[in-house]
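Next up is a structure, given as structure tokens.
Read from first to last, the chains carry the letters A, B and C; within each, the first residue is number 1.
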């Protein structure tokens, strides 16, 4: 047998949908075998997973809550990756965004939501953009590869937050430093809830998705970013200011990732704590890649992941599946979705041996 | 004559593009068989099918009369079919013998160097090539690198050799030598498949197969045809290869480089005290073997490459410290040699490429948004003015043939430039019809008063088009000649770096 | 028997009968507790709670069958959702967050006003209503352990390897050294925090470093006793009897006994469920002392013979005076430092 991958030209929407559907299904079959191997009750576990993800209005809303920060970090990854800037600083930018929002919200403790909300959101964007801006300047000025600079910055910001929370100025006073957290924000800084657990952050995330789509596809700045990704050399020969485009792209990406941190802080956690934010940035990279680096795909994949993580709680509580196995399940499903992506974009051709 | 390779009814489509449509042909042992046609005519797809890296949708191959399926180039090589690509597949840091053994490798852990050296020496003697086995490949001239590639394939004992535009990177002398060597291989009984669009080379083949739009138009004995007939067969209409040659009085200097020193990526000198100038109403030709600093010269003028020393001015304004944007704003148009790298964004549409660099202009923008309507109508106008053949302006540029892609660049660069045109190999890989079109456009711009710097490997073309020809060798202008007082052979010697008497050896 | 007394007995009997009757009719016979944990049940913080639940179950408070459910550790918003899942199932009467879970309780507690919520330790907020806030202070037992450490130390140098500093950890450490100084005023103290809830490598590293400075007795709060074994020094455990980790090294442990805490919460729920008393969650964290059975010193096990009898007697005497309220171990929550 001789198997080759060939790129599909203009594969149909139906085929793409079918590929993803098939992949998710196969992922669940593989997951079921995984559960079986560890002698868990497969039916109870899946029942709990689906109930927790889609089983009730509340479950669906929770899925959206879990998807909200992933949509934003996913968009942050979409923006830079479309421009072929290999920033993996979304993780640190989430922290910086949450810190920016916290700083604003805690400084304006007495102001009403209409004042604190927008300003804290702006603080979040500024926080994230500061981080990515530093990486962009390092690239433009000193030719520092953004992969290195963003990874370094991820560490730096996490340790900075750790300092602030473990005895530093933001540490919750009075009780202890053991929990590495700030005091709760005043309720005036909490994002309003739309229904049940669903906070207004989802609107911000969806608006951001639409805005990123319009920006990339319809604006001249988005043209710059796509062109940077498609052919940086041609862009330079056309006299475009490539460093400026890099800076703008990075600032936008950082602002989006920062927004994720801010929305998570103001909508769900209401206090800063290091482990609340862990993994949102890296998760966003995966979401964006699986989503084909398109805003609509990113939203869809983020919701799928939101469902998996919200259903995982139910599965853990109700079927006693251990946490490590749940993470393995999520990884398995992800792997299959990635295969589905390949299936949607490429064609397998084979010829039998003579 | 025995049929070495037989193709019957080959067809291949990519999406809705038919690249190859029911093509049948025989390649005989002991013949040089030329595949001739425009870019996009199907030559590359056909040779790909013969070499096993393109799988035809239908049709069959037979090797020495036995039906075969070629699933990979490796399989083709095993069956005695080799191919020399335009872009060499050599490891630059390794020596000649190492490259040859890597190509022939995979048999045994230790490479039998001694036997290989003996065979290499014999092959070099056979074809009159001076190739030292221990020379480092990337330090060799391009012509010799090509020989490394050829010998690598000969080592594997191929009986069918396919060459994809092999003379594009060679001086006329080197081309002659290569053609002579191919003739010797033919006489030794090999089958040579030569892909070319140069009529001079085609005429030295034994048979020629003309392709047009994926279809086989004619398969002729070369001796029974003529360049004129072949041109007509290729483009489907008659083209006239002569240009009106209006010698006008050159005007002001629009481009002036003096003592320009530029380093390459690895820190070595690529422009070594180069001086050249171009006046309005003048086409200055730049002749040289590929890799002698032509590309770097254009990049330096476009200010995408930093200057070590020297001075550049355009239209009397010093741009030594300027940016690419400054150069473009002075009305400079640039037609790069690698159009998909420097000139176009392959995954973008024709429309997007035509406004590339101008997409922030008010004319193409409504607030922050691109004005799609304005861009499309501008692109549609440009396409009809510059005869870009495509379904519409929404077609992706990387789906266009080389000629149409080049016309997209022309449409953009000629429309926005006002004083100076830089054209580096503007006709590379194009068919006669498009070449003619490109040159007519350049002449029209000259008539308008543009200064034009034109680098080309086609010496005949330089000699008919240019007012002066500057020869570049190792990053220096080694001579500037009047085309009416020189011959291709004379230019070729200068290009090879040989001191020539009789020519005007001064840059200014 | 006087009429009056007869009448009294009759009335009492009647009341009892009514009470018993109503108990048969409405009173719950079972209480089920959902445990939300920060770590696996093998660590002392968790295992001491499970041990206490077993004892309470055997006691059958209010005649109740006591049951509980343990899940994998959950944190953050997932913990709130876990609480909600437990609450919505209707199977549970008490949700016990064995750690800093008041943020999560705050999101759920008002929707389930008849349930009792407990949160434990520092890092919590008082919410009142149906949230109760439990503290576990083991400083009294730690003081006794410190006396043993001080009495058995040859070098006069003692150390602590802790996880994180914190209000309900500092008290234990300071009491340990206070107890040691009770035996020997010139005790030098070394304090190190690994700044992690679980990092055996770092715990061993810090232990070795302290031993290198001359420390020969360590209050080991990380649950990692390998370095104690290797260095052949005496160590002291915390929260549960940790002797089994290193029987030749762990002299004793300051054991957290959760029995009074559990009984308190069950009582509060019982009073609410059977008498309709409103929940009144405490504003200040509540802790139970040695006297109340909230904390105790673990037995010496095989090391009993290594502890000098005189020292044993002195410790036993101090324990009695603590229990009797004669001696009060100072509660010092300041951040302990090496000195």
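The rule is simple: a contact is a pair of C-beta atoms (placed from the backbone, for glycine too) under 8 Å apart; a residue touches a chain by one contact, two chains touch by 3 or more.
Quantities reported herein were computed from a predicted structural model and do not represent experimental measurements.
Peer 1: Determine the chain that sits nearest the middle of the structure, using the mean of its CA atoms as its centre.
Peer 2: A
Peer 1: Measuring centre to centre with C-alpha atoms, which chain is farthest from chain C?
Peer 2: When every chain centre is compared against chain C, the largest gap points to B.
Peer 1: Just curious, how far off is chain C from chain B if you go by their C-alpha centres, in Å?
Peer 2: Chain B and chain C have C-alpha centres separated by 82 Å.
Peer 1: What's the distance between the Cα centroids of chain A and chain B, rounded to whole Å?
Peer 2: 46
Peer 1: Would you mind pulling out the distance in Å between where the CA atoms of chain A average out and where those of chain C do?
Peer 2: 40
Peer 1: So which stretches of chain C touch two or more other chains?
Peer 2: Answer for chain C, listing residues that touch two or more other chains: there are none.
Peer 1: With touch defined as at the start, can you tell me which chain B residues reach chain A in the complex?
Peer 2: 14-15, 55, 69, 71, 302, 304, 323-329, 334, 336, 340-348, 352, 356-357, 359-360, 364-365, 368-370, 372
Peer 1: Can you list the residues on chain A that touch chain C in the complex?
Peer 2: So the residues of chain A in touch with chain C come to 62, 65, 166, 172, 175-179, 181, 184, 268-271, 273, 275-276, 310, 312-314, 316-318, 320, 322-323.
Peer 1: Once bound in the complex, which stretches of chain A touch chain B?
Peer 2: So the residues of chain A in touch with chain B come to 2, 9-10, 214, 218-221, 223-224, 226-227, 230-231, 233-241, 349, 351, 354.
Peer 1: Help me check something: in the complex, which residues belonging to chain C touch chain A?
Peer 2: Interface residues on chain C, with respect to chain A: 71-78, 81-82, 85-86, 100, 103, 122-125, 163-169, 195.
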